[in-house]
Amino acid sequence: MAFRKFLPLFDRVLVERFTPETVTKGGIMLPEKSQGKVLQAKVVAVGPGAVNQKGNLQPVSVTVGEKVLLPEYGGTKVSLDDKDYFLFRDGDILGKYVE
Amino acid sequence: MAFRKFLPLFDRVLVERFTPETVTKGGIMLPEKSQGKVLQAKVVAVGPGAVNQKGNLQPVSVTVGEKVLLPEYGGTKVSLDDKDYFLFRDGDILGKYVE
Amino acid sequence: MAFRKFLPLFDRVLVERFTPETVTKGGIMLPEKSQGKVLQAKVVAVGPGAVNQKGNLQPVSVTVGEKVLLPEYGGTKVSLDDKDYFLFRDGDILGKYVE
Amino acid sequence: MAFRKFLPLFDRVLVERFTPETVTKGGIMLPEKSQGKVLQAKVVAVGPGAVNQKGNLQPVSVTVGEKVLLPEYGGTKVSLDDKDYFLFRDGDILGKYVE
Amino acid sequence: MAFRKFLPLFDRVLVERFTPETVTKGGIMLPEKSQGKVLQAKVVAVGPGAVNQKGNLQPVSVTVGEKVLLPEYGGTKVSLDDKDYFLFRDGDILGKYVE
Amino acid sequence: MAFRKFLPLFDRVLVERFTPETVTKGGIMLPEKSQGKVLQAKVVAVGPGAVNQKGNLQPVSVTVGEKVLLPEYGGTKVSLDDKDYFLFRDGDILGKYVE
Amino acid sequence: MAFRKFLPLFDRVLVERFTPETVTKGGIMLPEKSQGKVLQAKVVAVGPGAVNQKGNLQPVSVTVGEKVLLPEYGGTKVSLDDKDYFLFRDGDILGKYVE
């Protein structure tokens, strides 16, 4: 697994976006243009956290495996093992889905 | 309920805007253009708060269920269970209505 | 009273501008264009104050009922019970009138 | 006296500019255009000072009655009792004249 | 070795980019235009770290020999012994590859 | 002396620029255009220093009488007793000449 | 020596750029246009360091005589005894060459 071999630095979080829905509920195939941008993602790796002004490590607020809501813009695309992931700063992630 | 399953991060507050009035007091239907932008909203979920410079958590200043006044601009629209909510930073919420 | 039901957050101050003079000292009616912008206002509600870097609450420097001088620009208009009020940050209020 | 009734907030200083010279040393009347902008002013009221990051009040560095040198730009004109005064931040005042 | 003789200052990290692939898996030579920008690099020298607000040295988060992922933009090209290296701030390096 | 009567505030330093050379070493008069901008100046008055974040006074790093090197741009011209002086922030002065 | 008489203030570092190579290894004279910008320099004087937020002096990270690598842009040219030197902030110097 790619996320095993890559460790984000500081407060960066590596996420994998969910795949957009390509078929409507009624069964009709959606062209790529009509597929919405997917803002939901799964956390696959987290950095150790940023160092605050007192010199202490501030851990990130999400953990590997959690499902998060991403902001519409921002993030850095990184390719690991021919698969696309995205790096977001911990503070830019909007929220997480809890059961 | 959607807000049960979504947890905003840091000092973000998830609100649900009140529905605009579609009928005047005199009973006349208002077209969508004439319906004012609704700045009043109900808090449906709050983040744990931001971490201040001393590394301590600073809780948000509103609680779930409170009726708040939103600024005219800003906020991030998020769709949860096909319903529109808005995320605001705690510090951007103008005030709250108390009984 | 509207200000009873609305609580500004953080260091925000809710003020009610004084009504512009519509008649000159000599008794002549002033058209709306000639009425100056009123920068004097009465404080009707104050927030609990902003939280400083040490995590302590810094109370606002004005109190309800005081007459203050507003800056010419800035402030957020809010309508409460069909009456216009303005929200200013405590630090943006220029000064206050004391007896 | 106007400055008795007005109290600047935070580190604001209320000053009264000196009147520009309207007659040359040789006795010739100066038209208004030729009268230089007066940067010297007398302090008529001072705020209690700004609150620093430790939450302590930092008093302003000038006192009522002192003659100060103003920067060429900046300051906020305020009218008190039909007389023009100017509000400057304490830190924007360039210096003071001492005997 | 060049990196032995050059010591980056503060939180700067000297890296050597990996060489772009010039032959496809199928054995076809790639023209220079088709060679992707290489974002993977090896750390060849690190600064002592930046000094934080408390006056203490904050060591950098990577060590010599580690394989890191660079951001697409930024970095300063430096030539040492006719070979190109790049200086990045520690905080700008996206992550590192661990075995 | 003018600098006796004027006290700069905070970390401001009052300097008097040296007069530009108007004659070349060979004895030729220089027109005003050819006279270089003089960046060397003598300190004539210093402020008490700026207040740092801990609320303590940070004295300025130059003293009255020292010869300093000014930056090419910046500084505020002030006229005292019909003579031109310049105010610079302590941190903007590039260096000083020591014997 | 000029650097004996000039003391940079705060965290400024006075450097002397190395002279560009004017002859190729093969012995051909290089026109001025073809001579590269020299980014290597020798430290000739250093300031006492900047004062950090705790009010303590933070010494600069280079010492007189060290060979440093300058950034391509920035720095302030100063002429001392008809010779050109450059002032850089300590934090802008990229690195130093160690034996």
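Letters A, B, C, D, E, F and G name the chains as they come in the text, with residue numbers starting at 1 for each one.
Criterion: a contact is a pair of C-beta atoms (placed from the backbone, for glycine too) under 8 Å apart; a residue touches a chain by one contact, two chains touch by 3 or more.
Note that this is a predicted model, so its numbers are computed, not measured.
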*Chains shared as neighbours by chain C and chain G?*
none
*Please give the intersection of the contact partners of chain C with those of chain E.*
none
*Counting in whole Å, what is the centre-to-centre distance of chain B and chain G, each centre being its mean C-alpha position?*
55
*If you average the Cα atoms of chain A and of chain E to get two centres, how far apart are those centres in Å?*
24
*Cα centroid separation between chain B and chain E, in whole Å?*
44
*Pull out every residue in chain F that's touching 2 or more other chains.*
53-54
*Given which chains touch which, is the overall layout a line, a ring, a star, complete, or other?*
ring
*Could you list the chains in ring order, beginning with chain A and heading to chain E next?*
A, E, G, F, D, C, B
*Across the complex, what residues on chain G touch chain E?*
39, 52-54, 56, 58, 61-62, 69, 71-72, 90-91, 93-99
*Please give the residue numbers of chain F that touch chain D in the complex, ascending.*
5-10, 12, 14, 45, 47-48, 51, 53-55, 76, 78, 87
